[in-house]
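Listed after this line are the structures, all set down as structure tokens.
Look at the two complexes coming up: chain A is in both, with chain B in one and chain C in the other.
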Partner chain A sequence: MSSYQPGSVETKPYVDPTPLPDGIPKVQELGVTSGPLKSAAFFIGAYCKEFNEDFMLCKAENREPGHCLKEGRKVTRCATDLITKMRENCLSQFEAHWNCLENNNQEYYLCRKPERSLNSCMFEKLGLTKTIPGTPDGQKPIHEVENPIYKAIQK
Partner chain B sequence: MPPAGGFEGIKYRRNIAGTRFSALTILGAVAVISGIGFYRYGQGILERRELQREKVWSRIHLVPLLMAEGDRDAYRRQQAAVEREKVIMKDVKGWEAGKSVYNNPKYASPQFVVL
Partner chain C sequence: MPVPWEALIPFGLITAMFGVSGTLLNMSTRAQNLGKPTRYNIDNWDEMMMRRDEQLTGHKRGQRDDPVPPPGFETSSVWFTEKTA
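Showing the complex of A and B:
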């Protein structure tokens, strides 16, 4: 009774090892975790706008996973390209910002200082700006407000 | 007997709180302080709205990327499932592997997924 009994259920989830069919070109997955993705989100939106919109229009046509593989590969390649460029040009600012996000519950408003240095570096080196669509006219976008009401309580 | 000239008067004094500020001044000060507070509160609500918009747009920008990755994986697993089905059902005549159970061309995500 007290001897070891192997469980009838695997503790590891079964992962289907079958690779993609040969007819589909392979693409390296981005493999970036949530912090860097959140840090780079607006630049991905600016840099890959065409590919992203193309992909989403394709998805609106048909939700089948096989329908938009080509557009999806373009999206992933573009994002990979951007992340590589960011790492080449603004590595220290990028790392400072996403580390800050990881330490602050991934809230943008707690990381404005590293964000501003990253934004200015991205603008100087790659010409990309962070724009938040839908900001009311004549109002400063929230990431450029100098003295916001919501900020870190601890200095 | 009382002393000559009578008793001294009893010594007492009322300690009334000073009326340094008039009632109207105090009311006015409270109104001003509350007003400033309410104004800041309102500004905070507007700011929170903008912060929410920023967060939502950061997610919107990532949707195509994450969806593309998920689609590739879903497609791979779907193809593998169809291949398995072909092998399992090879002896059944007229069986179409991977055919939808619905008479509807619209895509329906599978109910059973091998992860």
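Showing the complex of A and C:
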């Protein structure tokens, strides 16, 4: 193996600029990056529950990319709607929370203080609460525990 | 007896060298991550989200909270390709 062996993985990135065909209705994609999305995740779950569940059940039937486009469009529109509402009502708390997440490896347990103020703002203005599905009954959800074991090293 | 201050010079040197190398390493990693600490324990989901962040903002750690994406976002994803022929 002392001669040059051409590799099989392409070195230049392959980008396909052809847009979707005109028969498919257009929906504007969500332009939010990972930090704000993680911050808004539980609120998207509370606000868009039916659309998300429809999409997941549809995909569970058939995992082809072209199968659940209609449900996917509904999910995108609902999430965009919620992010716009969040920004109108709770912009400063939202920004504080996702900036905190970005500086802490996007871990929720390191950013409880901004999270609490965001949760109270969202509950006041939009009536959405963060619930963690799958918490055992009788146990407080981890984001409401006063003195957790796993927390940041510094106060 | 006067304090043997020449003997403490190596301690000072070692402390200074640890400090300088630690500071430079910290500055280098923060500069690569746009002033934020590095991401660790990254799994496939996080890698995928960082690829999407690069599509949206131009840098793996760039963030934006505008729901409207930049123009051309729908068609700018990079496909993993392999030459088979």
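Everything below uses one rule, namely that the second predicted complex is superposed on the first by the 143 of 155 C-alpha atoms of A that agree within 3 Å, B and C clash if a C-alpha of one lies under 4 Å from a C-alpha of the other, contacts with A are read in each partner's own complex, and residues count from 1 in each chain.
We take it that contacts are C-beta pairs under 8 Å (C-beta built on N, C-alpha and C of every residue); 3 or more make two chains touch, one makes a residue touch a chain.
The structure presented is a predicted model; accordingly, all values stated were derived computationally and were not measured.
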| item | value |
| --- | --- |
| Contacts of A:Y150 with chain B and chain C, given as first, second, both or neither | first |
| Partner chain in contact with A:E10 - chain B first, chain C second, else both or neither | second |
| Touched partner set for A:T135, first chain B, second chain C, both or neither | first |
| Chain B versus chain C, judged by how many residues of chain A each one touches | B |
| First (chain B), second (chain C), both or neither touched by A:C68 | first |
| Which of chain B and chain C A:Y109 touches, first, second, both or neither | first |
| Contacts of A:G45 with chain B and chain C, given as first, second, both or neither | first |
| Partner chain(s) touched by A:K125 [first = chain B, second = chain C, both, neither] | neither |
| Touched partner set for A:K59, first chain B, second chain C, both or neither | first |
| Touched partner set for A:K85, first chain B, second chain C, both or neither | neither |
| Common ground on chain A, meaning residues reached by chain C in one complex and by chain B in the other | 13-16, 18-20, 29-30, 37 |
| Interface residues, chain B side, partner chain A - complex | 40, 43-44, 47-48, 50-51, 53-55, 57-65, 67-72, 74-80, 83, 107, 114-115 |
| Touch list for chain A against partner chain B, complex | 13-16, 18-21, 24, 27, 29-30, 37-38, 41-42, 44-45, 48, 51-52, 55-56, 59, 62-69, 71-73, 75-76, 79, 108-109, 132-135, 139, 141-143, 145, 148-150 |
| Contact footprint of chain C on chain A as seen in their complex | 6, 8-10, 13-20, 28-37, 80, 83-84, 87, 94-95, 98, 102-106 |
| Residues on chain C engaged by chain A in the complex (per definition of touch) | 36-37, 39-41, 46, 49-50, 52-53, 56-57, 61-70, 73-79, 81-84 |
